[in-house]
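In the part that follows, the structures are each spelled out as structure tokens.
Each of the next two complexes has chain A plus one other chain: chain B in the first, chain C in the second.
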Partner chain A sequence: MSPQRLPARPGEVIDRDRALAFTWNGRAVSGLAGDTIASALAAGGCRVFSRSMKYHRPRGILTADYWDPNTLLQVGEEPNVRAGHRLLEAGMAVSAQNAWPSVRWDAKVLTNLGGRALSAGFYYKTFMRPRWLWPAYEKVLARFAPGGVIDAGSAPRRHDKRYAHPDVVVAGGGPAGLAAAVAAARAGAGVLLVEHEHALGGHLRWGTKHERSIAAALADAAQVAGVEILTDATVTGRWEDNWLAIVERGGAGGPERLIKARAKVLVVAAGLIERPYVFAGNDRPGVMLSQGARRLLNLWAVRPGSRAVVWSANTAGDAAAADLEAAGVAVEHVDARAGCTVAAAQGRRGGLEQVVLSDGTRLEADLLVTAAGWTAPTSLLNMAGVRPRYDPAAARFFPAEPDVPEAGTVLSTGGISGDGSLDELVGHGEATGRLAAARAATLAHRLQVATAWAAPVDGREPPEAPDERTPLGRDPHPELYRSSTDGIVDLSEDVSSRDLRHGAAEGFDSVELVKRWTTATMGSAQGKLETVNTVAVLADATDSTISEVGTTTWRPPFAPVTLGALAGRMFEPVRISSLHDLHVAAGMTPIQAGQWIRPEHYGDPAAEVRNVRTNVGIIDVSPLGKLDIQGPDAADLLSLLYVNKWRRLAAGAVRYGVMCAEDGVILDDGVTGRLGEDHYLMSTTSSGSGAMEVWIQNWLQTEHPDWRVRVTPVTDAYTSINVAGPRSRTLLERLVDDVDLGPEAFKYMQVRRGTVAGVAGCVMWRIGFTGELSYELHVPAGFGPHVWQALLAAGADLGVAPFGLEAQRIMRLEKGHFIVGQDTDALTKAPTAGLERLIKLDKPDFCGRPELQWALDGEPGAEDPEALPRLVAVQPTDPAYVPPEACQIVVAGSDGNERIIGRITSSRFSPTLERSICLAQVEAAHAAPEGTLTIVGTDGRRRSALIIAHHAHFDPEGERLRV
Partner chain B sequence: MPISIPKASASVSEQVEFASPLAGAGEASGGGWRLSDESATSKLLVYESFEPDGEAEWHLGVGFGAATTAGDGSLVCGVRPGEWLLLGGSPPSAPDMSGVVTVDMTHGLGMFRLAGPAATDVLAAVCSIDTTEAMFPDGAVCGASVARVACTLVRNDVAGERSYLILSQRSSGRYLFDAVRDAGVR
Partner chain C sequence: MLLVPCPHCGPRNSADLTLVGESESRPDPSATTPVEWRAYLYEEHNPAGWTRETWYCRLGCGRFFVTERHRGQNRFRNPPLGAPDESARRR
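== the complex of A and B ==
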């Protein structure tokens, strides 16, 4: 038996038949199943669990729950584990943090000797100057940083995520919360009950037999009523329309799971959190809150001390005294209501030996239990716009009357709302649950009416439910915050009442300022224990009332959430064409382009280029955006979108077009073929396909809803294969029956529909990005692999081979075709890219027309069209030098300094020409053909280059593609 | 979906098989859920007539947000206002009305079925849509983000068992199938 473990007690949650072995600071120890780490250690006689953040003062159990600031421990690879809450597991390697060489003998305690100098703001004031010394400061301070150790090499943990849409979420599974959940469920609502602790019942769990039986009955009723119950979970944030973040710890979803719940009504039943009292030595091991002592005694059968002083201002403290006495602890019961307070807790070596009362009485004790009052954790209500309001008679904050309409869907019950007998609390909870269910039913009705896919609703909206709750009372309670001595206010951050007073004296006299100056309320307890004491000390220091000082703002998260839980499941969608597996089998080197995984090459892009130029190659261009456009007004739509003319495009013809935004900047380009009288197939760039669909739908739905035209994205409906090379026609003739592929019957820039390799419904465009005779086949995607394999099989004797994106990019650069977004940018207007002739200002209207006309006509105020940057083809003088893309182009100015006049937008080494080739944007004044440019390489060297007359470095007349 | 090759001179297969976007994934199952590939189902997109007289809706028998089984066995889904997706039936049948545009999306959309008593729980891990009975009953249709992919979601119970059809653009199909399967396995 562990030295502090008591004989079996009614209500204990430990399994005495299941011992769990673990280590504490490397020493083998044991606990019982059902123990928390802290209770197991306490049962073994451990008194000092940690060292404080700044002064390294020894710390012991204070609350024995999740919020205990003194029991943050390292467990294996995991730092900052809340040992007051985390259940013990066999094999855990538990160790203290923030201490060296040990938590018992911590050398860093020397900082405590300079404690008076290390007041709030010490770091801010001391380490500001000289600024150049900051890196050294940083290294030294990092050694004093609190917290555990992160193992960067530990395996990443998988975190899950879940969405939920309950009618009612009840935050808190104490008596009122349980009653609310049961009542709401019985009224027909779908209820999610979220309890912070490992079991339902709230404070009844460590209460009397009667209280425990009530808790058990309510928990059973919740099960029967169909309430979904989450224990060891916290509603940690609330946003508009009751969008709730619930963190579930250690469940089926991994170490932490984030549940995003959209509740119609939120019931906050978070109970009350006991408040420490501030006095000299109040952080000494052996000083404990009454709830902490009762939890240790009654849940885990751990005796927290052998000789106790219980200083009590309320019935909870009285109950703690009774429980301790019943457990055989010698108790000195001091009634705070009679006016006596604690002045100091004293002892040696991190222990408690003596309690000094305000009347000078000295009492020997190894345990001091305080019951000074309560804090209402109103965070979730605050997040809904409900402000806390202080009641000095009850010595705590209560939610004020809601002054925001949305607050009608956020209700509170239980201790957070007021005091009462157990029956009254349960009754209030039940009435709140019924009200929540009724309001949820009204909202559900409205949602169903407003949602097209919801089940139809019968009848009228349910009438507004009246609030039939009898308000809970408020028990009088003495205002007990700080004694005549100074003590620690924020045990997480080692902020004392003296620090707060000094902060106020330095001018940080609002609670929001002093919070940031001292870091009070910013530690692991996040204000749960120390906010009201901070406010009270500040009120005292500024001669104000607590109401006048007010509280800090409580924001999400209410309880800490790991970054892993916030990240949740990693969704990284990728898109693949129907030919993906064939590319993999062919040994592709993949490249990710947007979401698409594409073949960059199959081993040797230069060889792929040469094969296309001499034989025939096939490339998967499925990501090319494709839009099916049908309807009598389709030509009007095309005329609106493109800068050039479309009304006279003949059926069977294809035309290149450029789209501009309203400001004349190039948005996208591509070809569109006319498949029938009112039927077109438009292509867009691969990267722009999604944006173009939105762009087009925006114009149609907002500006021209009267137009009779339907636009359908069909990018994925087709596997698109470009067959390119001088032997492409020969190859296709072997697979196409029903289309005459002859040069006269199927000319350049024409479209046909036919059957390829037995696959009907294929669209064939005679176009090409490579500059070779080529055909772009759009094959129903489910048959894409068949056609691809058929092409390879039928053209084996022709030298057919697949080529990748890199080869295509080389060949398009050889031909001088620009890529929107690479050779153009967010300022590139159509004339910049050499597209003046394409822009038809004589047609009625099109996107970008006013701006382009303004620019091209040289209207007053417009930029001189001749001054716009130009896209030019450039050949470095050194044919082997390929300037990296984005290299600057400069010119020597009259002052001798260089000036940037442009940049390289695309560059490659051409296997065809056996030299480097580029496209560049340069100022118009320097863009004349045969002009010389100076390129600044990434190595800083200047290299000359020549502007050539045509964008195309290869076959500028286009003879190869028109054969 | 085999079809014959008319040109025997080419050295190609004589049969053309429909290649599903989920090829290689196929089927998956876990505790209370099953995934099955239904991509080969014909899918015909039908638009409302240019004259918005409601005739198409009258013919198709269902409006936006709902699905119904037509006489030929196809499932008619109102995917957006004035737009329907006809699933199944061979060959796809469209209402014979002037001014109605149809587009065959059989090849453009991947489709799989998530079924079983745990199907809703699996879906809740990857999709934020409210699938409670009142808000998403059998026959409901909506657009939804599933594992960050834009999808059409159809509640299509089979023999009283919860079942969802999930349709996405074909290229995302395999990723999406894997993401939903992973959600089920976890």
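== the complex of A and C ==
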């Protein structure tokens, strides 16, 4: 390894005064600020950067950029760093991947290129049988798999996301893209310019002094014009209506950011990617593309070799030869346009020593530069529906028509569109930018008109701008894909031209098939370098043309995106009630229920149950969904939503109701109280409150827009407190003056409005989810803490104490109240949950009526009632055994095998009954009261249980709540 | 991501809305048959052509509205602005 850094060169991007120390495979080395990792290593004389994926052949720099398939390295704990692109930083620990024991001496090397051991379809053929060996195969394959090492213990990173709404996004900051961005911005458009590399200018950056000065002038103009410029960023996907994914790389140590941009017009100016040539030994270190050689030489002043053969079919290759010669490299310039091609690159130990030409000439060289032609990265255009079309005269694909997609909101310019002098490219870019700005203005006007339907929009719609650009020409170029010899087509995946021919011979003769069979184009370069060669080799093998074979489908992402950037930062808000701080101070154990943070208990849920059953407890039920319903047609709405009747509910009364979907499945339940003539307060379950609001709006807006009724969500407007227990009335009487709480004046299932602890406008309804005498208070939310504290203070001598969600769940199970979504599921129709008597079929219409009618009447179309599960209350024979929820219930079949007939849906140990209690869903045939069930525990043991007559395990007559 | 033309909010990201389904009339619940009712509940026609659809503007105005979308080309034919169509309906 001898140093290859040349004396200062005009246009170099390195800072010779700032040396950066780093390590390469553990050895201390150094580079310069401005180097990429690969250029720094190359400057130090490194020629072998990696081992190839399957054959473990040594590999060196090919393109010296992002798409280089041979310079994926491990940097610290980050695997698969693209060393041709990533800028060097001091202290980086860089090492080779996929090499053992070292990148120079790899134990797994297989030099027999195309040997049957690893031929096309090798994985499929070798590792299919026997099936029982799959786990062993996986271990072997994992050792051979490429890629670096992930440190599972590395610190998590925070990735942000950004949303952008530019008028015009220009993908590519080369001359045409820059000119387009400047012209669009000068025409008044907001422009976002996205450049893949670290600096603007495209291929001008490693060009002549004149070219570099043009690039600098355009970049300055972009700044002045107010273009927002992103470098080291890629437009990586395009979807409907120019919804774009832009990945903004953070460099070393910095997290990637995903930008979701809605552009009015997308300009694709992605330039051209140089194509490798396929011949024997084309993957040897020392074989380089002309752009790679020029980048090394002109950007980083690295001499890519000392004795070069430059085989060139175009002016870019000729320029590389001139650059090398000027830098003192001995150059043999072979003109591909004269018909001579490269047949082989040869050497010992994976190095390059001589080049064999098709006419038999042998040339000594340690560097072979090829300039065989270009691939147009039309990916973003293809994502917009444009199909690439092959032009044999120019030896590359072009967009089918200049600009087809979506009413002209996706345009292309630069190398993708055609060839030309620098002036012509800039001129085409400018015209494209002006067109983009004009079309964006038209679209902006339309969007404004569509948005501001109630407000007048200034001005008239700008006329849709016609595309009057002078099309770029197409330079003739020889079709150069594969020599007479075989070589590697896909360097990332180690797929050779022979593999492709074998694939075609085995019947995988379409490009989409042979791609999947051989994995060609499926590696880290994702087809950027190898797609067209794959197509050409396949065309050759199947005796067809490149146009007939066509290309594989380009799909997002164009450039890879880390999972962290896709995930972004999680923003999941939680909801807390106005009493949250008081619960914390009282030592609650919190539990997240849906979005809500709620007290699960305050230390001892069983004690909380006993206190409610003997004294009085208070629970925060603020998450309960609450809807204020007003209007003359409110009763019609309730009648439609619930399966039971509502028209004759008296003012001052509350009623329990169940809602079903149109398929008869239970959707939600709760109580609704009539506060006044046309005024109701509806409660829904906590988890269902959002969905119920939408459900109700759907009915009102689509089926009954004529109804005079307004529904307002008031969940957060009230702090809801349930005061439960035999002493609850005594406690409330101390705080309420304006409502008679006497048992005759304020009965079970009634509602009153009054003043609690001095707070006016409270709604009180007397209901009993816990099974005790209880009052649910809905207090204007700001006064929640005051009322809560007043209750605790006023009831100290009564033994009042807060209770949490767990105690409430125990008590509701003691009472046999089901929870929608826990004891019912997506198949539970109202009759199967024991709600037959609630369903009133004499109403002409309500949600789910037809299904419920068929279910109840057994009419044609009804399911077999015996096959449907029923909700039953169950008590295990062993009172100490609490079967975990979801345990199965089985019955012995006639054939001796057990059959599942149901499951436990809720289970708790009841402190009141001092035994285990359950709700279960069981097939109707086995659901009769007094029947015995067999529960399969999580330990596999069978235990017996008894079905009890009523859902309520405790106080089935409800005497306690009617006192 | 598709832009959905909400007649009240203007074009919005489709992720801001919910596609309720194809717009069909709800059968008369007192006269319907199981076959007709379940077709209404479960069947989508999903042609590769123009389809009347009901959308719910979940993160915007909260309104339900009907629009026409070409399901083959994934683009909208905007309906006249104004009140939601009578035959827009739930699923």
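The rule is simple: the second predicted complex is superposed on the first by the 912 of 963 C-alpha atoms of A that agree within 3 Å, B and C clash if a C-alpha of one lies under 4 Å from a C-alpha of the other, contacts with A are read in each partner's own complex, and residues count from 1 in each chain.
The rule we apply is simple: a contact is a pair of C-beta atoms (placed from the backbone, for glycine too) under 8 Å apart; a residue touches a chain by one contact, two chains touch by 3 or more.
Quick caveat, the model's predicted, so the values are computed rather than measured.
Novice: Please work out whether A:W239 is in contact with chain B alone, chain C alone, both, or neither, and reply first, second, both or neither.
Specialist: After superposing on A, A:W239 lies in contact with chain C but is clear of chain B.
Novice: Would you sort A:D845 into first (chain B), second (chain C), both or neither based on which partner it touches?
Specialist: The answer is second: A:D845 touches chain C but not chain B.
Novice: With the two structures laid over each other on chain A, which partner does A:T451 touch: chain B (first), chain C (second), both, or neither?
Specialist: A:T451: touches chain B and chain C.
Novice: Taking the superposition on A as described, I'd like to know which of chain B and chain C A:T702 touches: first, second, both or neither.
Specialist: Only chain C; A:T702 stays clear of chain B.
Novice: Should A:W854 be classified as contacting the first partner (chain B), the second (chain C), both, or neither?
Specialist: It touches chain C, and chain B stays clear.
Novice: Per the contact definition in the header, classify A:A826: touching chain B only (first), chain C only (second), both, or neither.
Specialist: In the superposed model, A:A826 contacts neither chain B nor chain C.
Novice: More residues of chain A are touched by which chain, chain B or chain C?
Specialist: Counted on chain A, the partner with more touching residues turns out to be B.
Novice: Touching chain B and also chain C: which chain A residues?
Specialist: 262, 447, 451-453
Novice: Show which residues of chain C lie in contact with chain A when the two form their complex.
Specialist: These residues of chain C touch chain A: 1-3, 5, 7-11, 13, 20, 26-27, 29-30, 32-35, 37-38, 41, 54, 56, 58, 62-64, 74-75, 78, 81, 83-84, 86, 88-91.
Novice: Give the list of chain A residues in touch with chain B in this complex.
Specialist: Chain A residues touching chain B: 158, 160-165, 190, 253-254, 260, 262, 444, 447-448, 451-455, 569, 571-578, 581, 595-596, 622-623, 628, 630-632, 708, 710, 712-718, 734-735, 737, 755, 757-761, 780-786, 789-790, 793-794, 796.
Novice: Any idea which chain A residues touch chain C in the complex?
Specialist: 239-241, 243, 262, 447, 450-453, 662-663, 694-695, 697-699, 701-703, 705, 844-845, 849-851, 854, 860-861
Novice: For the complex, give me every residue of chain B touching chain A.
Specialist: Within the complex, chain B touches chain A at residues 1, 3-7, 9-13, 16-21, 23-24, 39-40, 45, 47, 50, 63-66, 78, 99, 101, 103-109, 124-137, 140-142, 147-149, 169-172, 174-176, 179, 183, 186.
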